[in-house]
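Every chain is named by a letter (A, B, C and D) in the order it is written, and numbering of its residues begins at 1.
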Amino acid sequence: MIKPRAILLLHCPDRQGIITDVTGFITHNHGNIVDLDQHVDRIDERLFMRIEWDLDGFSIPREHINEAVDQQLGIRYDMHSRVYFSDEKPRMAIFVSKMSHCLYDLLARYRAGEWEVEIPCIVSNHEDLRYVAEQFGIPYHVWSISPDKSNRAEVENAEMELLRSNRVNFVVLARYMQLISDEMISCYPHNIINIHHSFLPAFKGARPYHQAFDRGVKIIGATSHYVTRDLDAGPIIEQDVVRISHKDTPDSLVRKGRDLEKIVLSRAVTKHIERKILTYKNRTIVFG
Amino acid sequence: MIKPRAILLLHCPDRQGIITDVTGFITHNHGNIVDLDQHVDRIDERLFMRIEWDLDGFSIPREHINEAVDQQLGIRYDMHSRVYFSDEKPRMAIFVSKMSHCLYDLLARYRAGEWEVEIPCIVSNHEDLRYVAEQFGIPYHVWSISPDKSNRAEVENAEMELLRSNRVNFVVLARYMQLISDEMISCYPHNIINIHHSFLPAFKGARPYHQAFDRGVKIIGATSHYVTRDLDAGPIIEQDVVRISHKDTPDSLVRKGRDLEKIVLSRAVTKHIERKILTYKNRTIVFG
Amino acid sequence: MIKPRAILLLHCPDRQGIITDVTGFITHNHGNIVDLDQHVDRIDERLFMRIEWDLDGFSIPREHINEAVDQQLGIRYDMHSRVYFSDEKPRMAIFVSKMSHCLYDLLARYRAGEWEVEIPCIVSNHEDLRYVAEQFGIPYHVWSISPDKSNRAEVENAEMELLRSNRVNFVVLARYMQLISDEMISCYPHNIINIHHSFLPAFKGARPYHQAFDRGVKIIGATSHYVTRDLDAGPIIEQDVVRISHKDTPDSLVRKGRDLEKIVLSRAVTKHIERKILTYKNRTIVFG
Amino acid sequence: MIKPRAILLLHCPDRQGIITDVTGFITHNHGNIVDLDQHVDRIDERLFMRIEWDLDGFSIPREHINEAVDQQLGIRYDMHSRVYFSDEKPRMAIFVSKMSHCLYDLLARYRAGEWEVEIPCIVSNHEDLRYVAEQFGIPYHVWSISPDKSNRAEVENAEMELLRSNRVNFVVLARYMQLISDEMISCYPHNIINIHHSFLPAFKGARPYHQAFDRGVKIIGATSHYVTRDLDAGPIIEQDVVRISHKDTPDSLVRKGRDLEKIVLSRAVTKHIERKILTYKNRTIVFG
């Protein structure tokens, strides 16, 4: 049984003494630091930090840690910070359309216990993948926006209500082929993870593998990123690529791309669950 | 001493019997096929082929092979074809500006005898790299277009005259930071190789590493391609990538990119020298 | 509905005229060649070839094609050849132990219709993964060899009987942690595919991730290969790697390796199902 | 003009408060930390750290910093530490045999000013590459051990004397095909960098590309490592790989491998020059 830990994620303008003060705050309160990672952006003169410590013996009760960080460090250093606890599993909703490869990959990891996460619900705009949800015993909800879009508001409200009632912390779009509502984006800032089937910023938008084929590229990619209001333009979390050749067709690119997509999406979800991602100026800091 | 070989590069609409007829043409004339590579594009229903055979004992004299191919195969199959000979070394001009890494990489391979090529001249718009040319004993020619561009035509004529007088077969732009004239592009169709320091089509144009940094990508790339009239849009020959992280700055991307650029450019030059590239519809077929 | 095709895989000593004769055999019998790939090993002077053609209109009945190939080509060229038909789905058995990631990856592809294959049974030496088999509705058979190994022959016979009664064509060891019997290897020559969790030939045998950690490598790999009597020494089908760093522990290598293993295994299975692999002198020729 | 900086590399048993104390030591003495990287090995419970700060305004004179670190931190924490200064360029000797690709790559970077390093001499056991040294104006020294090895001691002494008289700090073996003397290894502990043309620990020793071809691997690699008395078994600094296929021959592996070798070697040299490498238990910690 692993003992509960606190995880502090923060960023602030870089000034002398911050690291000394942050680590001092924890050690003076009898916290045993088990992991520390930090990065200084020399262009923006900004410090990014992730620090993890055992709660056992820590002299500040867990419900007061956030407040203590603010008072003893946050104000002085103009800090953006957030404290997480390793024994509070984040709750993740999955949105899918018709392709099963990412969904299977996410659920297989979940079922195998790879992740400290709960998956209370799967949402779709199609019935196609209900059987996968049923294989894993997870509720599957379908709402379709009608061709005239007259029920858009209704569908978006129902989805938001589902996320709220399931206390969902973050959303994973596992090849979900429909736009996310502005409201959902606002409610889940940098908490909606999408997989785009190209090496962004190349081939934004629709049918990226066909675009890649037409351009004659020799490598294709996949990109996981946080969703913002700009389509396919949010902070990139992870990318990977695979070499192709003149022998490939748009169909074979789709096949090769599937393996990329599921791995790149799952790597991003892993980092998000482990609270190892900070965002700043539309870029991510992803700790190792 | 390797015996001279003929290399036939061709493409044509795919029809039954072509491969049988092409290989038959060579074997019936007592040519020993030493390499054959072919690719059928099922979307365009088009065959691409490279076939190499020993000239020793071949019953058609080398100066009549092109004509024989045309008469016995080309007309019947509506074929685009070209015959090369392994003992005719292509002559390559290098254009550079101020950065030495690609130039050194090309010249080191040339000097070490890696390539069956001649390099009669280096052209630049700056004096900076004359010392490198002198280290390798290759003539270095500098022409600068004046700020008001009044001497543009004169410079372009001088460059073309240099290429003609040196019987240059193809041109390598080794981080050459100036536009190539339309006339040169017309005279060297798919015979001018450029290296662009991004994973095209992402980050066309100027300062791609800065663009990549701003977008927050997790992988950067380099692309070698044939130059056409559309900037950074010609047929891609080779691409490669390297993983980066939030720790990278535009400066470190420039450093990491240099290694990519020189390797990706040299791979393209190798394939070009070996006559292993065909182009069709702005894409390349690069045989293995 | 795709029309049935024949696939001819062959290798033989390289001699003039073979390609002409093989393609001629098909076109003269009114077969329309839809794919041809060939490779000449210049060291062993040996030709390897895969040729695929539409059966529609082919003048030789499918049950006589093998015989015709032998008589008209095989004897003359001292050829090893085998004809397959695209509408005959190979039957694949999966062997597993306790780890689910490869099994889920194989079954998700199967269920999504990625492969032209049948999976009639899953075999294990443990009960652990029965729930996965049940999720996908595939019979799951467990046999354990007792600690004193007294029932080894009995278990091996039962396994062989299962494979026979299910008309299994090839076997996939999806992280199966037990030796395969010599009899099974003899009955399925180059038809048993294993995934080894290292970049072979480095780190053969047990606990390769721990070996990799101890050696301090900067990249880890996974290798899919055909099983022969020499442990981890059969012909390699596919390998891939992932970069690691000093931050990794044996545990994190195991996690990162899982993604490699499942992708590398599935790529090998794909090529095997597509009849794109030839073996010769303990190496594979894998057509694109 | 960049102001001089101090670089402290250290490792010690991990204990609470170390980071606070190390960073406190610098900030209390008015040093401005410009870079900090640290890693805790949780298996060995050991801290590794690299910290870089501006010397401008630092209250301890540079000649006393080492002593101050020892007294104020080293003894208390049982620390192995070493202080470097950014304006003290390390002096590097290159050893070569007959292949020029790594040598050209090193010298091109040196000449282009990529590295803060001095290269006072090149050593070889053959005359072959004297022309390269002459192109770059660097003294080239040749000593050959006679077939009967009677002059081995004499050669080794001459080489050591050359390194001493040139105040060489570290040695780069750029495809040097002769064993290094035990004395040199003792005098330059973890300061001799070799490039081995395989993905170690696979294919140690002679002719690794031929070994790779015989084994039928699908990926080849190169490994840079510190030289120890165990052949090809010292701490690995960097590795990289390239995909190959059944079309490759031992000769084409040699060609493809050359590009890997020079890049992998130069990456290791870069990290060494930047003082970003710590070694412990035959593994390296390479900071980003």
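Operating definition for what follows: a residue touches a chain if its C-beta (ideal position, glycine included) is under 8 Å from a C-beta of that chain, and two chains touch if they have at least 3 such contacts.
Please read these numbers as outputs of a predicted model, since none were measured by experiment.
Determine which of the two chain pairs, A-D or A-B, is joined by the larger number of C-beta pairs in contact.
More contacting C-beta pairs are found at A-B.
If I average the CA coordinates per chain, which chain comes out farthest from subunit D?
C
I'd like the Å distance between the centres of subunit A and subunit B, where a centre is the mean of that chain's Cα atoms.
Inter-chain centre distance comes to 42 Å.
When the C-alpha atoms of subunit A and subunit D are each averaged to a single point, how far apart are the two points in Å?
Centre separation, subunit A to subunit D: 38 Å.
If I count partner chains per residue in subunit A, which residues reach a count of at least 2?
Answer for subunit A, listing residues that touch two or more other chains: 42, 245, 247.
Considering only the defined contacts, which subunit D positions touch subunit A in the complex?
16-17, 19-20, 23-24, 27, 32-36, 38, 40, 42, 243
Show which residues of subunit D lie in contact with subunit C when the two form their complex.
Against subunit C, subunit D makes touches at 39, 41-43, 48, 199-203, 215-219, 221, 235-241, 245-247, 249, 282-286.
Using the touch definition up top, name the residues of subunit B that touch subunit D in the complex.
It is residues 100-101, 104-105, 108-109, 111-112, 114, 135-136, 245, 247, 255, 259, 263, 266-267, 288 of subunit B that touch subunit D.
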